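Next come two complexes built around chain A: one with chain B, the other with chain C.
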Partner chain A sequence: MNATLAIAGATFGEAVRKRILIVILLIALLIILISPAFGPFAGGRGARTLIISFGFGVIQLAGTFIAIIMCTGLIPTEIERRTIYTILSKPVQRYQFVLGKFFGAVGTLGFMYLMMGIVFLIATRLALGEFDGRIIPGLLMFFFQSSLLAAVVIFFSTFVSPLVNYFLSGGVFLLGNLLSSFLETIQRNPEVTPITRIPVQLLTIILPNFANFNVQNPIINPEQVITDPVAYTVQTIAYAIVYIVMLLVLSMLIFNQREM
Partner chain B sequence: MKRNYTALKVAVLALFIVQALLQLRIYPLWARNYAPKQAAPIGLSPDQLLVAVAGFREFLAAILWVRADGFFHSGNYDAILPMLRLVTWLDPHNLDVYSTGAWHMGYNFTDESQRSDRRYIPLALKFLEEGIQNNPTVWDLYFEMGWMYYHKIQDPTNAVPWMRLANEYPDMIPARRHLLAHAYFKSGRFDDAVDWWGKLFLDAEKNRHKDWESSQLYDVRQNNLEDTILDILRRYGPNPETQPPVDLDFDATVKVIRPRVLLVEGRLGIPTIGARVTVILRDKGRTIDYTPKALKTFTFEVDPKFTYMQDSLAVRDEKFRREIDMSKDPKMYPFKAPEYEVEFIFEPRYASPNVQARIGSDGVGMYDARYLEEVREKPSPIEVPKYAKVSDEVRREVENPTREVSYWRVRKVITLTREEILMLGKRGE
Partner chain C sequence: MSDLAIKTVNLTKRYSGLWSKHPVEAVKNLNLEVYRGEIFGFLGPNGAGKTTTIKILLGIIYPTEGEAYVLGQPAGDPKNHYKISYLPENPYFYDYMTGREILTFYARLFGITEPERSKRVNELLDRVGLSRAADQPLRTYSKGMLQRIGLAQCLINDPELLILDEPTAGLDPIAHIDIRDLILELRNQGKTLFISSHQLSDVERVCDRVAILNKGMLVRLGKIEELLAGGYVEIIADKVTNNVLEPIRQLGGKASLHDGRLIVEQPDDGSVDRVIDIVRAAGGHIVSVKPYRRTLEDLFVETIQGGKSV
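Showing the complex of A and B:
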């Protein structure tokens, strides 16, 4: 456990010093800060919609970029630099290495989300004149979405090159965001046959479903009455944790068998 | 070591099954609460689609809606319709878009003389129905639908069930609850109107000393309750003011004075001001079905071959007369059918209070030897969304309406041919 935490701490320290990640974070913070400037485009409720949806959009996008860019290089860089031999020559198991890398990445994501979240809450408070606590669950869900994405990227990084990983993870994220909407659309269309529907249904079960975490709409449109929001949040977080654990176990299996 | 791997592989399989089960549980909740719900993002440019996918759905929707507002203020009404589709796809819970969009379709497409293009009204109803399906737990769009029937279509019978649904929601704006009582009264359900005013009055009484607004609400409801009871007693009680009936001696004529220009005139023997006669010109044997179910799926297209004109003529000194010019709007009045019916209707449900005081809001105090007819009707059944927060009683009532209402009206129909309206063979077209 100590070894895992030590690797996680080192990963976190290294990640928060990475210039590209700091640049992404600073740009996101700056954009969130200026988001109240969109208010005058639309009056009243329209202003609220613009500001909150824009803020959420920026945070989600920044979180996605940070997760992919940070995690793609976590394991391959260690192999490339040959520092992994030094680490594994110590009493560190390979699974501890993978776990440490993942927890370090999640810690970094948590730190970045905390920064963006605080700035977002301040910006909305200044723009709308009220503190909207409903934003926090939305941010929490995005954090789990990014953590799941980080697990996907780490999983791929155990057997593909970083360049391929960028596209592969990006593709999985895109698909995982669209599949539920696509399934919903075809389920509403009576002309769609089971031959089309069943493969889509299967894919929504197999691939990580990132759309589950996009819960910002009722926060943006507060009149909405959501059915079982607590059950939904708990199940979605449980889903993220189970999927992450599955991906980490798979990563360990692959990484264990990899010759170095 | 190998055994451990097997255990891990089994663990992966077990975790996969657990996540699949969780996903199967999450999906119905997601579909109910968070799904976009519209068919396809047809019309989004690739960059807009990318922005939407990148997590800016609602932001893009809000920006497009601002743009649509710009189109509205510049009079570019046609450009707004596809924007409505895009915005509701991106953000199906934006109530403003549904209510404003339906209002736009129902009210703003007009001819040169500010007569509404009523072919758009079924589109507005379908659009609102879609909004209700996407937002079943909010009262606003039920109210908007009721308002469309009550005000634009002037069909209080069908306004009632939608208002009933809206009134089921405790957060409905108090003053808007009054409209159900007005709709009851106009549709001839006087007992329900009195009951509803009574209920509203008692509700207001509880809070009458809370603040100025509550006290105003109490006064308004008290006045309305008293007026409603008095109106009913005066019109239908002992020695009713609506008797003996007024002989309307109704008649109407239509003359084509120029191609696509009609002169309509006639007589209506109402001995007071405030009566209006509705004139409708439409393809023979065809009319507009004002129900959301009239359209199978939502579309922004109206039938370009269908001609439908509706106007309202003021009666002064028991006469009415107007020149109706349809020559400047060939898109709205295409005149493609071989024959047309010109329909003149006077019905008292939306007449002014002084007219209703004499003949009743259901026409019991009017008589006509030739054109008087009784209309008996029930509201169209409504398919209430599964997740609407309404009581079983109201759900049953609006899904299977049984209460029939009736009223009297005078109606005369005159048939014209296309040749006559276009004056073909006289001036040539």
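Showing the complex of A and C:
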């Protein structure tokens, strides 16, 4: 555990100093800070919805970019720079290395979300005159969405190059956001044949459902009505954790066989 | 306890690409024994299979065939890693960390806890001469300082076996000497050092035995003094006539005469005095007598160009 935490700490320390991630964070913070200025365009109660949705949109986008950019290089860079040799020649198991990298990435995401969350809370408090109760659960959902994406990227990074990983992980994130709605649409359409429906159903089962985490955004999902938000949040976070554990186990199995 | 620090038996590593029909054999049937307490030089041209062998010994890659043992245990056993350490060629360390932080990081990988951790880190910083730079980020370190911190991370667990890949490459002469002295000091403490290097003069000075690898095969193995036996003495003399050539050649020397100047390459086996006597008796004048010791570089070039296998 000590080794895993040491690797996680080193990963966090390196990631929070990456210029590209700092730039993304700063741009996101700036946009969140000025987001209340867009409120008047909607007018009345719509202003609140617009400010909250816009802020969440920026946070989700920044979290997605940070997760993909940070995690694609986490393992390949260590191999390329040969740092991994000094680590694996110590009494460190390969699974500890993968876990350390993942926890370091999640720690970085947590730090970034904390920064964005604080600024978002301050900006909305100033614009609306009160704290909006949807912000903290929403941030939590997006944090878990990014953590799940980080696990996907780390999984791919154990066997593909960083460039391929960008496209693969980006594609999985995109499909994971769209597939469930697409499946609902084709299930409602009686003309869709099983040849089309079955592959979509299979993909929906295999790929992580990233759309589940987007419910706080009433602009994107206006038709969504959640009767018990707490249960839904807990259920979705549990789903993320189960999926993350599965991806990490697969990553560890692949990485254990990998030659560097 | 086995008296072998490293043992390989018919160790073979083959790389086969996804689309390639012909696999590349990076290491072929390597049989090697490294004794505890010795400094062992592991030599070979680029691509000879040295780093591949080291990676197998560390469990970073797996052999295709054969076996490898480190300190009596199968190579790659993480429990064994408490007793070994490794310095890769041109190592990169997290450069945002300070010298003290990077050593603390490596100490944590061994599960070394406070206050022992801080004590060891301070001792090592002092030992490699980096106490004053301990709290500077590694990105401000020179190459020599980084190599020292690399050696310090190797010593954090007080290992029995150190595997060093090019420990003196690219260092200035002072840093070079410091690292070489540290290696000898470690041997005096009873540690085993397995050194892969292209710095043949360093290897010649510090190693007890060497192995030379070429194209994945072991081509030379032995004690330095045995491998380098066979030096010669060059004798140059003036005012010499043709009639000295034959008696000198009968003593086993290579003699040539040009315009009265005689050049003899005489084996260093006690016959040098007799050659000098022959020259003087013939009225010749000795200009110089210069011993030439065979160097590891000579042996290396001869071995690699000869392509001989043991």
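Note that the second predicted complex is superposed on the first by the 251 of 260 C-alpha atoms of A that agree within 3 Å, B and C clash if a C-alpha of one lies under 4 Å from a C-alpha of the other, contacts with A are read in each partner's own complex, and residues count from 1 in each chain.
As a convention for this text, a residue touches a chain if its C-beta (ideal position, glycine included) is under 8 Å from a C-beta of that chain, and two chains touch if they have at least 3 such contacts.
Predicted model, so just to flag it, every value in this text is computed and none were measured.
By the document's definition of touching, neither partner reaches A:Leu140: not chain B, not chain C. By the touch criterion defined above, A:Ile254 lies against neither chain B nor chain C after alignment on the C-alpha atoms of chain A. In the superposition on chain A, contact of A:Leu174 is made with chain B only, not with chain C. Shared-chain residue A:Ala6: touches chain C; no touch with chain B.
Legend: residue contacts after superposition of the two complexes on their common chain; A:Gly57 is shown touching chain B, with no touch to chain C.
If you count the residues of chain A touched by chain B and by chain C, you find the higher number for B. Using the contact criterion defined above for the overlaid structures, shared-chain residue A:Asp228 touches chain B, although it does not reach chain C. If you check the complex, the residues on chain C that touch chain A are 55, 58-62, 78-79, 81-82, 84-94, 96-97, 105-106, 108-111, 150, 153, 157, 163. Taken together, the chain A residues at the contact with chain C in this complex read 2-3, 5-7, 9-10, 13-14, 17, 81-93, 259-260. Across the complex, chain B meets chain A through its residues 5, 8-9, 11-12, 15-16, 18-20, 22-27, 29-40, 53-59, 61-63, 65-66, 69, 91, 93-96, 135, 137-138, 140, 387, 389.
On chain A, the positions that touch chain B within their shared complex are 41-42, 45-46, 49-50, 52-54, 56-57, 60-61, 64, 174, 177-178, 180-181, 183-185, 187-189, 204-206, 209, 211-212, 214-218, 220-221, 223-229, 231-232, 235-236, 238-239, 242-243, 245-246, 249-250, 252-253, 256.
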